[in-house]
Structure formats: structure tokens, C-alpha cells
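Several structures are given next for inspection.
Presented sequentially are two complexes of subunit A, the first with subunit B as partner and the second with subunit C.
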Partner chain A sequence: MSTQSSRLAARVMVAPSVVLLFIWMAVPLAMTLYYSFRLYRLLSPDRTGWVGFTNYLWFFNSPDFWLALWNTLALVGGVLIITVMLGILIALLIDQPVKGQGMLRILVIAPFFVMPPVAASIWENLFMHPQNGLLAAVARGFGAQPILFLEEYPLLSVIGIVSWEWLPFATLILLTSLQSLSSEQLEAAEMDGASALNRLRHIILPHMTRAITVVILIQTIFLLGIFGEIFTTTQGGPGSASTTLPYMIFKQAIAAKDIGRAAAGGIIAVILANIVAYFLMRGIGRHLDA
Partner chain B sequence: MGKITLQHVNKSFGEVAVIPDINLQIEDGEFVVFVGPSGCGKSTLLRLIAGLEDVTAGRIDIDGTDATHLPPARRGLAMVFQSYALYPHMTVRKNIAFPLKMAGLSEEEQEKKVQHAARILNLSNYLDRRPGQLSGGQRQRVAIGRAIVREPAAFLFDEPLSNLDAALRVTMRQEITELHQSLKTTMIYVTHDQVEAMTMADKIVVLNAGNIEQVGSPLDLYHRPANLFVAGFIGSPRMNLIEGAEAARHQAATIGIRPEHLDITEGGPWQGTVGLTEHLGSDTFLKVTLDTGELLTVRANGEVALRHGDRVALAPQQGKIHRFGPDGKALA
Partner chain C sequence: MARAVSPRRKTLTTLAAWSVAFIIFFPVLWMILTSFKTEASAVASPPELLGADWTLENYAEVWQRSDYPRFFWNSVVISLGSTLLGLAVAIPAAWAMAFVPGKRTKDLLMWMLSTKMMPAVAVMIPLYLLFLKLGLIDTRFGLVIALMLMNLPIIVWMLYTYFREIPGEILEAARMDGAGLVKEILYVLTPMALPGIASTLLLNVILAWNEAFWTIILTTTKAAPLSAFIASFSAPQGLFYAKLSAASTMAIAPILILGWFSQKQLVRGLTFGAVK
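What follows is the complex of A and B.
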């Protein structure tokens, strides 16, 4: 039981960290918001004055923006689908008792420790390269033309690379969830006449719902900001075929040196993230309740 | 029908033979209890019958057909697990209906059978709850309900009461016994609690280190234990076992006398000193240290006024002394 005074004392004592966190979050957001309504170009002498929604309108009127928005959502959605589905399959697979299980699990988790630009470089140069890449060699081995991954399917290639990086994370979380399923439940289901597929559908997947939710939520947060992989491989191209919202903001900020526009893009990205979060929480957030 | 026959059943995990060789016949409608200390292989034996483990060698017949290599679902058996193994994300109704759904029954038939089982088990008011919202006893009943609806040839219980508190255990024990009376289906029940075994069983199978020590009715085992292990295991408090000179006078390596078969009388042949006394109200259990050094437990009536340090003389009742040979087997 907490009395009035002890509650007050508690509030006073947590206040400093709350205030600090608030400043930490609010100040950058406020500054971005401020710049997004300002003319602020590093390469031109006039960098003052309010411009209203001009920076925002530039985005909305740019055909690249809608493509980038779509690309961002496609990247997030594609990677989520691939990592969750493959993650479940791999988790089911490496949950089976095999020799060298510990080693196997470390190998499965290893890609997660590769830094994004390194991972992207490896994929670009060792796998997807039309001359030196392994995939090209395989294609030639079958007498086919090597596929120009990054040129012909830039977004799909990026989705593939990012999925490879995030698959271990999904697998790991889903594996721990799988291991917490009591074997007696599975045995009971087996005695109840449930086939392997029915056990997966009625027992294993419902048990993993919460873990799947966690994977989706956490990955969404990180995937909305994917940048390094695109920068290292396609540079958002060809054209704007693999430009995502973060990459577009980068181009405005660093290439075009237009801080105002980049800030507007940042605010749009924040709004997009919130919309995505809203729908995610409405759709699957209830699974987080015990 | 639920007649189960085990012939030369052997189960080894790697090099370790958990069950070296078991032959056992379980008649239709019997309530059979497998009892033994932990690690004696009783749960493994149950899982072999259920099909959750594969036999290494031997043959299991259920209703006269070879079931040795049948998958668990096709053996027509239902199992109640120690942890209940309810499906936590399903309501009680869906839990009970799950085997029916897997068998492809129509919704109406499922509902009819679920309602029937719920009535038998007093679960009608809980059908829309989830297992997490139920007490231990209710969960146990749901697990039994899930077994009942399948109308199995036999029920298998794997220490179903060990997660319940003492009072509930007694109630559930009676409920399961009554269920057996009304269903008249074969039941195989695994426990390490000899009280459960004595009170519930038609036939007790005493297991030790993967071997059957004795099979018989509860009173059979109580009155005529085949060997020292059964003598020590069945009966509470344990049978007093005496070796040495006193046993030799009865031409045995060991003699056994149950606490309830010792009388406190003036001039009894065994003299001793009372140690610990346990007053249960109806009975008093006395720990008596004989002058020859043996520690005996004596069951006396509730009003006995003996205290720590008192001298007593004990007399075994006529014909109640069990005699065992040097190999531990009972002598005729």
C-alpha cells in the first residue's frame, strides 16, 4: 500500500530521469519540426525564413516520394513475411535433437553479428555479382544467364539481404518460444489424434503467437529505418527503384544539402512509423497481454 | 473393451535398460495401479503402453491385436498427464472437444459429447473459461474430460494427483474411483503413493528398477508380500523388518511385522524403550527401540498414555509374522 506522501516521494524521485528522457526525446523532435518549416539549404546563402508547408509539399508532389513510401512498406512487409515464416521453419528444424546442436545454433545465429554494410557488401560482391558472384556461377552452371539482381530486382534483392540479416533474430526468439512449449502438451495432442500439421496449427503456432508478435514489433521498428544495406548496394537505384523514405531523406540532407526538406521528410517518417505502429498494435498488440 | 497384454517388453535408452523384461496382463475393466519408487520405470511403462515411447523389444497387444508399432492416436487409449497438459489458449470447451475435432466429428456431435462430459465432471459452468482461470482440481477434471469424450479402450493416468494439495487429492481420488465404477473402462494409473494404490486399485503392480516385484490385489500385497521390497513398500507406516538372532529363531533371514500387529502387553517377548510418539487422534504411532537395538514402529490406539522413555513390552500377534529368506523372497 502506498500512502499519498510516499507516492509523491516516488514521483519526485523518478522526476529527474523522466525529465531527462523527455528532453532527450522532445528536443530533437522539436528541432526537426522547426527546421521542417524553414528554408535551410547549406549550399545557398539564403537559409532563413519560414516557408510554411513548402518542404512537405515538395515531398508530396515528388513522384519519388510515393514510390519511396511504397518501397519502405514493401521492404518492411517483405522482410517480416520472410523472416517470420522461415524463422518458424528453421526454429522447428533446429529444435530437433541432432548431433552438434550447439554448434548448429551458433551458425544459425551468426549472420546477426555481421554489420549491415558488411553483410550487404558480401551479398553484393560474393553472391549477387554478375561476374564473380556465386549465384551467377550457379546460373552459368545450369547454362542460364546470370541474373542481374541489383539492377533488375533492386528492391527484392535488398529485401533478400535484409531478410538474411534478420532471420537469425526471428529464429532465435521463435526457438526459445518453441522450447518453452511443454512436451506433454504435444504428447497429449498426439494422443488426441492430431497429425503433425494439426499439432503445428492448433498447439505450436498458438503457443508462439506472443513471440511472433514480439518479432514483428521489434523488427518493424528497426526495418523502417533500414539504410546501410541500400547505401552499400543499390544507392536507391536504379533510378529510384529501391529508394526508401530514410534513403530519400538522406539524399535530401547529404546529397542535396537541404536540411529543411530532410527535416520535413523526417517528420513524415515519424508520422508513418506511428501509423504503422497504430495498426500493428491494433492488429496484433492484444497478443502481448498475458 | 480394454484388455492389454505385455509380452517380454523391453525398453532401453542407449545402454541403460530401464525396463529389462516385463510380462503383464491387464483385464478389461480393471483398475490397475503401477506403483513404485521414483525412477522404477513405472511412467516409462505407461508411456510404452500409450505409444509415446517405442519398445526396444517385445510385444504389446490391445484388445487382442498387436499394437506394438501403432502410433499413439490409433491405440484407442486416452492419457491424463501429471501437468494436465491442457491447451492454454483454448477454452475448456475447446480443450475437451479437441480430440473430437481431430477425429472429424461434426460441431453438434462435439457439443453433445462435451456437454455430456461436462455434466459428469461438474464442469458445465466453466466451459467458456480458459485453463489459466481454473483451480488445480478443475484443471484435472478438464484433463479427464478430454480423455472421457474419446470413449477410449483404456484410460492412462500418469501421477495425476501429485500437483494437488492433500485434501483435494483425497477428493479427486474418490472421484476417479467413482468414474471407474460408472464407466467400467480399463484404467491404468501410475503413482508413487502407496495410499493411492491401496485405495483405488483392483490390481496393484509393484515395480522396482524396471522389474515387476509382485502383482495382486491390494489386500493380497498387504497380507502376502512376495518379497522384502513389497513388504517394505506397501503399508503405512512401513513394516518393521528384523534381522539377526530374532529372525533366526523363526528360521528366516529377515522377519517382518506390521506396526498394527504388535500388541503392547505385560510380559511380551520384546522389551524396549519408547522414543518418539506421534498422536494422530485415532491412532498413536510409537517408535520403540528394543533392547536388542532394533527400532520398531508400533501402532497403538489413540488414548495410549506412554511417553518418551517409558519401558514397554511388545508381543507380535499370532500368525502375523512375515518370514523372508536370505534372497529377500518370502518363505512359505
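What follows is the complex of A and C.
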């Protein structure tokens, strides 16, 4: 049905989205690239000039950078593993014939509606606080020492908080996928004597592949830029223990007021995102019939 | 895939499922409960539940100390405005991709999504400077534009997956009857795609409402939405648990209620067309 005129019309209709997104992406990126090769410190504004790769080298020579790189990947990977695994288990559980499924869904989806600063501050204060937090009270109730979550296990704590925020998303997509699986197929497999584990491996999980792909893709996009949760809870510390690449860039820009370095960090973050995206699309992209 | 099971097993799975759901929901519940306690009761050890001092004092104080209605209204304008503008730009694009797909449509969609992979912090300074130059700092219009562009890839993608499910023959029939392109979109496509557009609208209003980076960086007072309201509250006073909880509850309540009422629509939208 695509005649020449409708093709032209289609181009015209796609154009605004493409042009707007291109500007939104290209202009700040070009500016960031420009600054990344410049000496530009807000504290000494009159000293400017080209500095080549100095800003980049500062990152590569900083031990914090490699830690931040690892923390970024650990945060993304950790949250993905937790939310996908728990999401599958919870979806399997809720999909059973249980009473009040509608109400269950309402409870499970709730964290999705909590904005990141609120989620982070509830967890930091009401739960993880070593004196007044509920988890400390529970530990004391068992006669144990309260765990110093944000001091001793900062990255794991942040991973926990972010996983709580994203678990509803994963669970609900996986649950919807599960509900579209025909029960005849499962019953037939059951009658043929397939064990529960085999049914899960050969029928249920393959059916959920597409849904799992979408969960991983969408979550990775949002997780690579995680910032607010760290800012609210650990501020990247103690030391640099929970500093991710975005947070390290933020510290360079706001605390050190070194725009050139922050820009170089930004370019590195963009490159990292592209590498992750490349492997993601090669690894799971074929499941996605977008 | 509902199947017949023994009553005993049903009771057990019901119990297990409700326990899990309760644990996931519990932090929100605890926050709401804490918001109705006095400050002393909120930090009492062991934690108080039945014997707690209940009060509405925290809400009264938060209401008095900050201009909640202004933050709330800014949130409404920014999240709804950015979503509606996004829909206006994205509907034609998604239409074209779904009904006149080219060789590069798939790549184009992936490229759009990839623009979201750029960490916001990475381009924070240039965008701030651009907004400063254009006079858009601390304006609702500026935030509407920023959040619209931020969510545009998601909007296009969601609409595309909905539009693709509409049979092309219907559009051809409309064309035979002499409907032009605009009429075709307005009178044939839009009504059929309305449920999909509604889900897209909902999800993106929620994403925009909860956005807490650009809304804080690009505003100071006039245009600051609820994300900035809560950020200003939690920073200096970590120990005022009850008031923090009250402010937090006030920040998330509107979207929580909207989300709960539109749950079914929303879940459909969340799947990004991955699940038929």
C-alpha cells in the first residue's frame, strides 16, 4: 500500500521526531566533546585553552575511575540479576490460582510509583538507619548488632534500593507474558510426565524470552544513568566505595567545578553506554521483533 | 494459564503470594504509617504500631512550611504538558513507521531508544548552559520541552507497537472512501488506537512525574515540581522522620492513586508490545 506519495508523507511525519531527538542528542554531545579537550575550571575562569587528552588521562590515571567503572557495571548487572530472577519467581507465584490477584497486583506495583528521591530517603532513614531504622530495631530484637548498611555495604545497599524500585516493572511484564501462555500446552506436557522443573525449562522460560529481553533492555537504559539514589543515600561514599561513573562526573562538575574533566567523563560514559548497548543488541536483540 | 488445583495448594500459594506482595509494599506502608506518628513515636525503639501516638500535625506543618500547591501544580503541568506535546510529535511518526515501514524503520527505532542511553549527568553542563542562554532555566516551558524530548523515544516506541496491531486494510478502506491523511489519522486511526494512546499517556505521565534529575537541576523555585520539593525536605533534617514521611507521602500520593486506578491500562503499556 506504500505508494510514492505515502512514502513521502511518511518521511515528513517521522521527520519532527528524528530532528528533535537529533538536536537533543547532538548539540549537548558536541558541546561536551568540545569542553572535554579544554581547560575549563569555574574556580579559575581566566585560564582557558586546549589541553588535548589531559582531561581523559586524568580519568584513566585515577584509581577511582576503574572502581567507578566497576561499580557502574556491578550496579546495572546486580539490579538486572535480582529483578529478573525475583521477577520470574514472583510472577510464577502470582500466576498460580490465588485469591485476590487484582489486589496482589496493586500491592506489587506500588514501588514503581515512588519517585527515586523518596524511595532512597525512605530506605535510608526509615529502614537502613543504624539507630532509628526498622532493620536496626529488628536486629536488636534478635539480640544482634544492627548492620551498618550504607557505611559497610554501600554499593550492595544501593543495589537493594534500586532493585526494589524496579522489581514491579520486571514482575508485571513477566506476569503478563506468563498469562498469555496456553494452559493446554502445559497440561499436555504434564500428562506426558514432564516434571515441574522441565516444564519451566522447556516451555515456560522459552515463552518468556521476549518479555525478559524487554525487561533487560529497558532497565539497562534507565540503570546506566542511576544518580539520584546514590546522591540521596551514600553520596558515593564512604570514600569512593559506591561512586559510579555518573556520580564521579557529577563530583567533578559540582564539587571540583572542573567542567573540562566532567565533560571528558561524560564522553567516556557515552562510550561505555554504546559498548553496553552493542553487546546488549548482539546478545538479546534477536529476540526483539521491534 | 489458570488450572484446577487442590484447595490445600490454593491456600498455600495464596498465603505465599500475599506474603511476598506485602513485603514489596511494606516500605510504602511504613512510610504512610510513620507520617501519622509524632516525631518521638516515629523513632521509638522498639518500633510502635498499635500504641503509637497518632497525629495529623506533620501534614499541617509541612503544608504550612512549604508551598505544596505550587509544587503540585508544577508537577501536573510539567508531566501532562510534556506527555501531550510528546504524543503530538510521536503519533505521526509512529503512524508512518507502523503503516509505511521502510528498510530502516527498525534501525531508526533502535537509534531513538539509544539516545536515552546517554547518561543525563554526562550532558548536564552543556544543557544547563543552553537552557541558561535560552532563558529556560526555572520555567515550566523549559521542563516541558526537556522531559518531552527525554521520553519521546519511549512514546514513539510504545505507540508504534500499538499501531502495528491495527490492520492496514481498514486504513485502505478509509482511503478508498476519499479520506485524506489528516482525516485518516483523526477519525480512523486515533479512535482505534485510543486504548494504546491512553496507556502511553499514563506511563509517560508517571515517568515525567517521577523524573528527579532535570527537574532538580533546571529549576530553582518558580517551576520546581514535587521532586524538588522532596529533595529540599530530606536534605537538612534527616532526623525528622514523621515530617519527612508526610512530605514523601504528599509527593507520591497523587501518582500512586492515579496508578492504582489505571493499573490494567498501565500494565498493558508497560510491556512495550513485547507480550501479546
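Here is the rule we use: the second predicted complex is superposed on the first by the 267 of 290 C-alpha atoms of A that agree within 3 Å, B and C clash if a C-alpha of one lies under 4 Å from a C-alpha of the other, contacts with A are read in each partner's own complex, and residues count from 1 in each chain.
Just so it is clear, a contact is a pair of C-beta atoms (placed from the backbone, for glycine too) under 8 Å apart; a residue touches a chain by one contact, two chains touch by 3 or more.
All values reported here derive from a predicted model rather than from experimental measurement.
**Q** Identify whether subunit B and subunit C fit side by side or clash on subunit A in the overlaid structures.
**A** Here subunit B and subunit C can both sit on subunit A without a clash.
**Q** Check whether A:S182 is in contact with subunit B, with subunit C, with both or with neither, and answer first, second, both or neither.
**A** Touch status of A:S182: both partners.
**Q** Output check: A:I203 vs subunit B and subunit C. Expected answer is one of first, second, both, neither. What do you get?
**A** A:I203 contacts subunit B only, not subunit C.
**Q** Looking at A:P146 after the superposition, I want to know if it touches subunit B, subunit C, both of them or none. Which is it: first, second, both, neither?
**A** neither
**Q** Which partner chains sit in contact with A:M13 here, subunit B, subunit C, both or neither? Use first/second/both/neither.
**A** Only subunit C is touched by A:M13; subunit B is not.
**Q** Look at A:F112 in the shared chain and tell me whether it touches subunit B only, subunit C only, both, or neither; answer first, second, both or neither.
**A** second
**Q** Look at the residues of subunit A and decide whether subunit B or subunit C touches more of them.
**A** The larger set of subunit A residues in touch belongs to C.
**Q** Please work out whether A:D192 is in contact with subunit B alone, subunit C alone, both, or neither, and reply first, second, both or neither.
**A** first
**Q** What does the superposition give for the shortest Cα distance from subunit B to subunit C, in Å?
**A** Once the two complexes are overlaid, subunit B and subunit C approach no closer than 6 Å between C-alpha atoms.
**Q** What is the shared patch of subunit A, the residues that subunit B and subunit C both contact?
**A** The answer is residues 182, 187 of subunit A.
**Q** Could you list, by residue number, the parts of subunit A that touch subunit C in their complex?
**A** The touching residues are 1-2, 6-7, 9-11, 13-14, 16-18, 20-21, 24-25, 27-29, 31-32, 35, 90, 93-100, 104-119, 121-123, 125-127, 131-132, 134, 137, 140-141, 164, 167-169, 172-173, 176-183, 186-187, 210-211, 213-214, 217-218, 220-221, 224-225, 227-228, 232, 245-247, 249-250, 253, 259, 262-263, 265-267, 269-270, 273-274, 276-277, 281, 288, 290.
**Q** In the complex, go through subunit B and note every residue touching subunit A.
**A** Against subunit A, the touching part of subunit B is residues 50-52, 71-73, 77-79, 81-83, 85-90, 98-99, 102-103, 146, 150.
**Q** In their complex, what parts of subunit C are in touch with subunit A?
**A** 1-5, 10, 13-14, 16-18, 20-22, 24-25, 27-28, 30-31, 34, 43, 45-47, 89-90, 92-93, 95-97, 99-100, 102, 106, 108-110, 112-127, 129-130, 149, 152-153, 156-157, 160-161, 168, 171-172, 181, 206, 209-213, 226-227, 230-231, 234, 238-239, 241, 244-245, 248, 251-252, 255-256, 259-260, 263, 266-268, 270-272, 274-276
**Q** Enumerate the contact residues on subunit A facing subunit B in the complex.
**A** For subunit A paired with subunit B, touching residues are 182, 184-185, 187-195, 198, 202-203, 206-207, 209.
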